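In the two assemblies presented below, chain A is common to both, partnered first by chain B and then by chain C.
Now for the complex of A and B:
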């Protein structure tokens, strides 16, 4: 009887997850040559990928970007969730909605909006810094694009993570706080010793999802590359490189190998992360 | 969700939190700045936009209506088409994914069958597969079937939502008591009737959450339609605005009017989702807190 309910999803799962994965693996084992057509090359594409400076620099970028952007987003989200859990004024409720608002914006539109704000032509930065006689930083230049993107993703996702953590905090039994207060715990101690450990599973869940998302970074750099000509190349992230190989150069074999290799990188990173936090891994 | 703290917190307490509220105020400004910029600048015509006036305040000419008319008539009204396409993809993908996820989550939570544990573990493992790694092989499979560059190329892959299955599983496990289902069966209700009349009403908050999350995921999707579609009449609004952005950046001088279309287009495109989020707030927040992430 259970398969009656699970079956329809199972068919979609097989058709659009298992089959494409298997097919990508199959494709990635072949190479198309101008002379001689397509031939089976086993792992040559992977050897090529892991010695390809374009792929490696992309992987290096998304790993660096994850190491900076994820802690920044989660710390902001956690601080906000703790503040909103404690402060219950009407203004705090209004803030909660406004800070969450960017989640309702497609990442593409978010990147377009920030692209305007960064732009020298019609962004406000030139005016604002001009007031102090300073030159505006160009967040689309190769020196600062890291921070430009960091700002876009923080703006986009911090509110969403905040809502998840806030929901988890609201689920905590408030008598625990009373008990701690009786034992002489201050507000700071209640936050760090009771609230944060109790919502650790939610924290780990959003860490995993943000890690998966950030390693696949595509939309924001893809949109900003139109504005940041020369700063963001077509191999800026592994996903952009795979897209370019497959859809601009019609090199589906190598493109599949890159996206499969990226999948491998994601798996390794997620499992490494879960391994180091395994004590708290109660959500799976 | 209930605000336990609001019962205890009085006016006296809110006074003490003034520094935190000021901090919140600054953060709200930061999160709203892009919206403010877009609202202000979509009122301007091309000279107002490039004339070097204050970029964070209105110019003398406020011309929303003129810009709106231009937005909806440009290139034969292609923008409206993109919005309708996005709506179609979000509704078809969102509803389809939700139906499948609700049934599967309920099935995994409430039935014992062969290979249940293994199948559920596989679904959980799928949460870690990068969605974009599936796009290239799916594209080739679809192109063999002649499905690329049709609406199906965008809708069918959106039906897959393993996270929705996980959410529904957790929620159904806790919110639907086995005794209730057994009682219905004893009274002679079939499995489907038990599902629709007993379980589904109890799972409603999580259903709304999953529906909203999947509809938003479809509406926001960029990589999949970008790869699958070449006919710009099938584009969702994300890909369409990305296209305009690319054209406008490529020849900056010639197409200054396109910039004001992009600005107003971004503003108009976010309005439906903002309305959906705020009007359904009570429902999805309940699902997120209870079912999801504990």
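Now for the complex of A and C:
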């Protein structure tokens, strides 16, 4: 009887998750040449991936990007959540909705919109900086693209993380605050000593979410590359590189290998992170 | 709670079956979702992918004139987008259309994968005389013909007459003069003289060929061997030349066909545009040359390295090919031969500068030769620039891994623009990269 209940989920799980993964793994073990056809090469594609400068530079980029973007997003989200938790006016409710709004905008539209805002030809930056007689920074140039993307990602995701943290704060028993106040704790101390430790599991949850998401960075750079003059190459992030290999060069084998190799990198990063925070977590 | 989860699962399953149902008629292999309307019933249908701006008209013309076959057209994207979908369909073994529009330089890429049909046996002799020898050469591999030429891309230098007049420069005849003119305009506080875009590697390839480079040598009799020569002096010189112009701030480095670039063209930020005969049609479509800008453009022959021995080159230009997945190749070949080959379609194409026709009926038409092109303010662009360029064009051997080569080139050009390598270094890296790829693909590289 139990199987009957698990059945529907099991079928979907097998058909749409396990089967495609297994097929991709299978593909990644072969090599197809224009001359000579397909042959079984075992892990050659993986050896190639981990010695391929395009893949390695992509991995290095997403790791660097994670190290900067995740703390920035989480700090902003945490600060906003704490403020909105402490302030309970109608304006706070309105702000909460507005801060969350960017998350409701599809990433594609968000990226296109920022691409236009960054544009030096018809974006507002040129005019605004022009008022002060300065030249606008070009966020689509190779020097500043890192910050350009950082801004897009933070704009999109900080609100979402804020909502998760805010929801966690709502679950904290208010008598704890009362007890803290009785002991002479100020607002600042309540925030740092009571609230943050109590929502630590939620913090770790969003850290894991953002880590996985950032390592698989794809949408924003893929869209901005059409607006940024040669700044973003087709191998900018590992996912973009896998996409190019599979769908542009018809190298599905190597594309699958890159995807799996990236999966390995994600797994290692997430595992390491969870290992170091194992005392705090309660959800995994 | 339980009930809701079951409902959700059922919904997911339903969505899943929906997806499966969709995937079976994905792409153009199914004739039920055409962009055009087929009026004649119970006639065999041939599916086709293409992106000419006037495809609708071309297809309607063909369908009107034929009672034994009808064309079902889908636009799946322009250039690279279409190739990616076709490539995926080739790998999947299903989902490709019967007839597909491809640029001549991509034919070897698909031919080597066995994705295209040699149409020589399906009525080639009847239409052979309609096209020049060079046109056929570009769509052939060895003796086999893998496409029916439609349009070519003889190159010229489109320029802003108002900017040239204002800064008192005349159209440069050589690349040395081009640089001098660019310097002169810059010194006088004028706009950029041109654009060195990373996303148009095919232009740079053409310009390298103009200097005497032969990027690839390929003998179909020995399909396993290929000559790759991307870092000879001519190739290096051209990349150094453009890298130098960009470094001196004489030309822009914007990706082309982007909103940013088109805005720049409309604003008159670029004095010249090195491009092909089909460019005016696409620029007009993007809103260039209208309103205040009407009639500000003119065209001159492509600058030369050695004005005593001019060399003409080509960018783009497409053909209709029959795919291996066509169930009735003979019928598909009939469509490939007949599409865009009737006078009405051709005339519509060249009057709007969407195509530079290769069909001799159009090329020899006095109305075409003498056409006063509105975009160029009545200049007889065909007679003055594009026809001589097309006649002097000798054809090129393209690589069977064109996509990889162009991607690699784009990457190196980006590096030049960033200033991390010189043109010569970029050529060396490109050679190394592409030769390595060719070896990986099983070729013997010479």
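Structure notes:
Just so we're on the same page, the second predicted complex is superposed on the first by the 284 of 284 C-alpha atoms of A that agree within 3 Å, B and C clash if a C-alpha of one lies under 4 Å from a C-alpha of the other, contacts with A are read in each partner's own complex, and residues count from 1 in each chain.
Everything that follows uses one rule, which is that a contact is a pair of C-beta atoms (placed from the backbone, for glycine too) under 8 Å apart; a residue touches a chain by one contact, two chains touch by 3 or more.
The shown structure was predicted, so the numbers you read here are calculated from the model rather than taken from an experiment.
By the touch criterion stated above, A:80 is placed in contact with chain B alone, chain C being left untouched. When the shared chain is aligned, chain C comes close enough to touch A:250, but chain B does not.
Judged by the touch definition given at the top, the superposed model places A:226 against both chain B and chain C. When the two complexes are overlaid on their common chain A, residue A:131 makes contact with neither chain B nor chain C.
Judged by the touch definition given at the top, the superposed model places A:234 against chain C, while chain B stays out of reach. Once chain A of one complex is fitted onto chain A of the other, the partner contacts of A:116 extend to both chain B and chain C. In the superposition on chain A, A:3 contacts chain B only, with no contact to chain C.
Using the contact criterion defined above for the overlaid structures, shared-chain residue A:182 touches neither chain B nor chain C, since it reaches no partner. Contact comparison for chain A: of chain B and chain C, B touches the greater number of residues. On chain A, the surface patch touched by chain B in one complex and by chain C in the other comprises residues 5, 8-9, 12, 15-16, 116, 121-122, 226-227, 229, 247, 252.
Considering their complex, residues 1-6, 8-10, 12-13, 15-17, 19-21, 23-24, 27, 80, 83, 85-89, 91-92, 94-95, 97-110, 112-117, 121-124, 127, 155, 159, 163-164, 167-168, 170-171, 174, 201-202, 205-206, 208, 212, 215-216, 218-219, 222-223, 226-227, 229, 239, 242-243, 246-247, 252, 255-256, 259-260, 262-263, 266-267, 270, 283-284 of chain A touch chain B.
Touching chain A in their complex are the following residues of chain B: 1-6, 9, 14, 17, 20-21, 23-25, 27-28, 30-35, 37-38, 41, 49-50, 54-56, 99-101, 103-104, 106-108, 110-113, 116, 119, 123-124, 126-141, 156-157, 159-160, 162, 165, 191, 195, 216, 219-220, 222-223, 226-227, 237-239, 241-242, 245-246, 249-250, 259, 262-263, 266, 269-270, 273-274, 276-278, 281, 285, 288-290, 292-294. The touching residues of chain A, when paired with chain C in their complex, are 5, 8-9, 11-12, 15-16, 33-36, 116, 119-122, 142, 226-231, 233-235, 244, 247-250, 252.
Residue ranges on chain C touching chain A, taken from their complex, read 6, 9-10, 12-13, 16, 80, 83-84, 87-88, 90-91, 112-113, 197-199, 223-224, 253-255, 258-260, 263-264, 267, 269, 400-401, 403-404, 407, 410-411, 413-414, 417-418, 440-443.
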